[in-house]
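Please go over the structures that come below.
Consider the two complexes below, in which chain A is the common component and chain B and chain C are the respective partners.
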Partner chain A sequence: MTTPAASRSVPHGPALPPAGHGTRAPGELAPGAGRRDRGALRRSIRRNLTAYAFLVGALLCFALFSWFPMVREVILAFQRTHRGTTTWAGWHNLRQITADPAFWQAWRNTAQFTGYALVLGFAVPFVVAVVLNELRHFQGYLRILVYLPVMLPPVASVLLFKYFYDPGYGLFNEILHALHLPTSQWLQSTHTAMLSVVIASTWMNMGGATLIYLAALQGIPGELYEAVELDGAGLLRRVWHVTIPQTRLVLSLLLLMQIISTMQVFTEPYLLTGGAGPQGSTTTVVYLIYQYAFNFDNYGAAAALGLVLLIVLAVFSGIYVRLNRETGE
Partner chain B sequence: MKRFRHRGLAAAALVVAVGLTGAACGTSSSGGGGNAPAGPADASAPLAHDAKVTISVDCMPPATKKAELKEWNEDVATFHKTYPNVTVQGKSTTGQCEDPATFAAQLKGGTEPNVFYSYFTDLQQVLNSGQAADITPYVTAKSLPTLGDIQPDVLNVLKDSGKLYGLPTSNYTMGILINRALFKQAGLDPDKPPATWAQVRTDAKAIAALGHGTAGYGDYSAGNNGGWHFTAEMYGLGGDVTTADGTKADFDNAKGRQILQNLHDMRWTDNSMGQTQLLKWGDLQKQMVSGKLGMFIAAPDDITYMVEVLGGHYQDYGMGPMPGGQGTLLGGNDYFFKKGDTPDQIKAGIAWLNFKFFTEGQGQFDYARTKADALPVGLPEPEFFTGASKATDDKLKAASATMPVANFTAFADHPLTGHAEPPNAQEIYKVLDNAMSGVLTNKNANVGSLLSTASSQVDQVLANSQ
Partner chain C sequence: MATTDLRPRTLISPAQLNRPRGRFLYWTVLALVLAVFTLVFLGPLYWMITGGLKTTHEIIQSPPTLYPHHPRPAEYGKAWSDLGLGRLLINTLYYAFGALAFQLVLDVSAAFALSKLRPVLGKAVLGMMLATLMIPATVLVVPQYLTVLDVPLIHRNLLNSPWAIWLPSVTNAFNIFLLKRFFDSIPRELLEAAEIDGAGPLRTLWAVILPISRPILGVVSIFAVVNVWKDFLWPMLTEPDPGKRTLGVGIYALSTGVTENEVIAALAIASVPTVVIFLFFQRNIMAGLSAGSLKG
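Up next is the complex of A and B:
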């Protein structure tokens, strides 16, 4: 089933000549080869001029809006500004943020959000995708239904959940009350605030992940299912022995993407609990960065914390890139 | 070849477009003036009437505020008659004149207008950014004739090491805002707002007893607003949140415990604060306008917001002084002058502010025009004048009042000493938010423990800032 390595090297374009045919030792040039090469280079540049011009635009955009801010952020993390004078501060900003009691709380909260988001936000879309994949009817309609929350503006979704969670007149407590079940303080308790934020976040974002899982599921050859069904496997065994192994890489990629995105969570806690939540229980790392920069006017501390987050995310991104490469192969 | 020419042309066009985009994205010069930066030479002389200068000025009303914009344009035209060569370029924003995040970014980038708007609390941030010009030599009785009648406390807020960096255009002190309609329904006297926290608790209980989800009293506990209110409430009891030298926390004491315990008891024992907590600025105003809230700590301009934005009615609201009566928190708005402004730009800015915000019967004090434009007149702010200027202002305001000013008598007739916000205010408020949210969201909250934790954290914040 695997593709032979030789035929994979250049998918589009002329095949490379086999090694040893027409090769030349380093430094050895045929008469007139330099002139020919320069001419070929010029022709190649001329032929691809439009492509290069388009590339310049993209590169400029990346340089201006991604790379330069990243470099600037790293520089800022080691600088202090006082009375308009910016000086090098060494490790001062890093020491300052680690001395802030909110620092470790923000990391704990972020880890808690990521953990909850993995359990809920990772498992729920997968289960929904598996169920959708098994359906014979209404699959298209249900796919739209599942994706619908993603199309809502995040602020609208969050405000909707803020109403649902209200302990006084909120929908959730009304339902629990009608069912004679104990009500909850939802966002207004240190015990349930973060979980409530994750539930809202999962509902808002699961549509995209579900569709990706569904696409991966539909790429699994039907013969594999037929084979295990002949062996008498039920739904759970089909999922365990075929679905999960066949979607392993997609699952791993989405897991990492989810870790990377959930560690940067800001909008949901900011709008649902005002950012900090009861006794700081929903203060996340990115919300703390926001506080440093825009409420405390301490760009050095904001940049330092941003740098720490960047390093943590870079590790996960590295794994993601590696897995992505494996998927490509 | 033809195809190549087209591709080449397309490429060239693209490069030009990218270049133009880059240019458009680039920084622009501050505009106006163009002379040397401000220096002390002949600074005390007012702006010459024929001086040719352009200034950009923050906080021009947006097009959605038609009446305010009309007044701004009229004022620019009138000002132009005195200074025909001065061009005032107004900069407007759609929401509040200052959005903190945008303001912080402008300071960092140095892109604020020549005369830029801010809140009283922003002085240290502005100075730290190195963006404010020292205007001490420019502000004299000649350039600002009412200077002697401006409350020294208010001017001091805009001074650092004896140097003046800004001019106030409005100020407020905080008090207790009441819903007069709910007071009447609960059998309370709306002309006697509660003066102590014990009275607040009693009145809140009576209002909450009206039922239908009505809360007697509300307070903030999110977005650093909880810490802000805790500070104001400490001032009301004669306390503070930091020591006088600003190096240590000073709220883990009987006054701090009284505030938190009272809030806890109102929330959990009396159930007079409603179930919805983690509220921040804007939330309590909505509750009061919808007739579901009896009282909250506020400034007079909260009423303007409730009427103009949320559709409330002036006659439904009243104000009393801060419970405790020992002091209150003062705040306000002001204009700074950008470092790098030329002397003439600073002088023109002061001349404009003098006309627009400090001259009786003109600009913001043209009450007759304000009334004719169906805008509110009669709120007890701004209140930065003393002496003869205040007497004239009170008289003119009363003559054109558009609201029952008697509703604010309890507040206006008992002015309390206003205290500015503490150093590192927002960082302290962030910590105190946790104490406020602790008592308002946790029935079993330990007030002593919350205060002790917050106190050590504020000590750390203050030590970090040294």
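Up next is the complex of A and C:
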């Protein structure tokens, strides 16, 4: 925020103000500036008009597709539409969704998904990053490999995994079979369906986190390792006493980011199991919102559930913002 | 091994690595990592590309074949025509590059105004834009969808229209943030020089700012295209007409009606553009990732 108002619209031709005032920001004019006031005011108005002319397109888009929907989300949550007439419904929508047994199941599943995703999607990229950071060869190749799935259209990765998971001829069971290991029903069993979704999701998304960890690892001063090494710290103790504390902030930021994004999971379970999965075992909160809105045309219930999700995620977002401020200047 | 000496010290000390045992361990780990990573990350892609060449029978054969024994490139052609991939591809390109154009014009000019013209309430506007980053996207899907069905004020239905993808793509607060931060770093002397030469704001933006902003514009553009290419839920909701679908939605919708090898061939075709973009621009993409990742 150090750049002062530098480029202002300067009127062409005779209206050009006397040189010397051009470097002054309009708001800074002293009260006693006298006849200069009008020129400055005119320039200030002109500058603002120009600025808003540049802004208007983006402002309209934000108003229509971000700000207004945000307000509308809250309004919808307390309204109901019955046979074309919309009325205020008070807490009716909220009571309706919490009375639905699917509500609690969806939250349980979402929590379970987030839990698995943290173990896999949080720990795996970190370990991978630590290992990659030690390797001095093929660095570019390995990085490209890890990030490649992130660039694939999710439909491609997910449908691919769907074929791998097939209990009959799927690749995973074939491999397990060849290794004389017990095979699994994967997506078709209530026990493993969610885990299967998480494995696919981790494969698809871990590239981003890995590269961010790698960047953080490269910022660790080498002397720290040398110092603990003098104390005779072995490999694991070096990780514990230097690597993890030095990347603590990045780790916790990504942890929260991951919680926030995995709690909104939709595409993976929707494509892998059709959303609900065996006996609703992969119904997530966002899938339930989708069902209310687009299968049952109950926008009120969908909005109410969305509001609950929003509040839960707001807690995590709040922590994220605080941590982010700590890392900042 | 010249690169070894230039690298900063990491977890394992160079001395340790140079011992015979250290060296042996290093090369073992490297070989293992290379093998496992190639298998895990390229394996599925290999399976996808070769799967599209296999016959309907071969692809579900047990045990699976490592390579297509009777490669049939015709499967790709069949997938192309049966799933109407040409249409889907054109749609997706149209949406993606339209979104790119909208984002470049509207987000760049917004960031320019906020950074260099600094209007009254500029900070509040920026704050309100950044606040949208804190709102989980999926929560807003329902009210956004209602906006598409009946746009306030002009009362138009944007369903099945490309505008339903283009306009929301502009509300990418993160782009505006990245662009504004880059513009902030441009020294004011440059702009003053342009001003003295009599350049108005539009000319300053076009002739002074944009040319030096190429790196950040590159990052924003790549992600604009890739985001549309990867999106699923939103295009599924807003472009339901079979003739208007995107590649992802279209393939998914038709995947149950055709044979498995055709679907896999179609998936391989759909993956090509983003993979090519990635291989071409991987430097920019990875730089952009670390530029913005933590300062949301």
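To be clear about the criterion, the second predicted complex is superposed on the first by the 268 of 329 C-alpha atoms of A that agree within 3 Å, B and C clash if a C-alpha of one lies under 4 Å from a C-alpha of the other, contacts with A are read in each partner's own complex, and residues count from 1 in each chain.
Everything below uses one rule, namely that a residue touches a chain if its C-beta (ideal position, glycine included) is under 8 Å from a C-beta of that chain, and two chains touch if they have at least 3 such contacts.
Note that the coordinates shown come from a computational prediction; the quantities given were computed from them, not determined experimentally.
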item	value
Which superposed partner A:V131 touches (first chain B, second chain C, both, neither)	second
Which superposed partner A:V315 touches (first chain B, second chain C, both, neither)	neither
When both partners are placed on the shared chain, which of chain B and chain C touches more of chain A	C
Touched partner set for A:F54, first chain B, second chain C, both or neither	both
Partner chain(s) touched by A:N295 [first = chain B, second = chain C, both, neither]	first
Chain B versus chain C as contact partner of A:P101, first or second or both or neither	first
Partner chain in contact with A:G280 - chain B first, chain C second, else both or neither	first
Which superposed partner A:V119 touches (first chain B, second chain C, both, neither)	neither
First, second, both or neither for A:A227, with chain B first and chain C second	neither
Which superposed partner A:I244 touches (first chain B, second chain C, both, neither)	neither
Chain A residues contacted in one complex by chain B, in the other by chain C	50, 52, 54, 57, 64, 168-169, 293-294, 299
Complex interface listing, chain B residues touching chain A	4, 7-8, 10-12, 14-15, 17-18, 21-22, 25, 100-101, 104-105, 107-108, 124-125, 127-131, 213, 221-224, 274-280, 339, 424, 426-427, 430-431, 433-434, 437-438, 441-442, 450, 457, 460-461, 464
Touching residues on chain A, where the partner in the complex is chain B	46, 49-50, 52-54, 56-57, 60, 64, 81-85, 96, 99-102, 166-169, 185, 187-190, 273-280, 291, 293-297, 299
Contacting residues of chain C [partner chain A, same complex]	1, 3-4, 7-13, 29-30, 33-34, 37-38, 40-42, 44-45, 47-48, 51, 60-64, 105-107, 109-110, 112-120, 122, 125, 128-129, 132, 134-147, 151-152, 167-168, 170-171, 173, 176, 184, 186, 188, 191-192, 194-195, 198, 200-201, 204, 226, 229-230, 232-233, 237, 247-249, 251-252, 255, 260, 263-264, 267-268, 270-271, 274-275, 277-279, 282, 285-286, 289-290, 293-296
Of all residues in chain A, those that touch chain C in their complex	1-10, 12, 22-23, 47-48, 50-52, 54-55, 57-59, 61-62, 64-70, 72-73, 76, 130-138, 142-149, 151-157, 159-161, 163-164, 168-169, 171, 174, 177-178, 203, 208, 211-212, 215, 217-218, 220-223, 225-226, 229, 235, 238-239, 242-243, 250, 253, 257, 260, 263-264, 266-267, 270-271, 286, 289-290, 293-294, 299, 302-303, 306-307, 309-310, 313-314, 317, 320-321, 324, 327-328
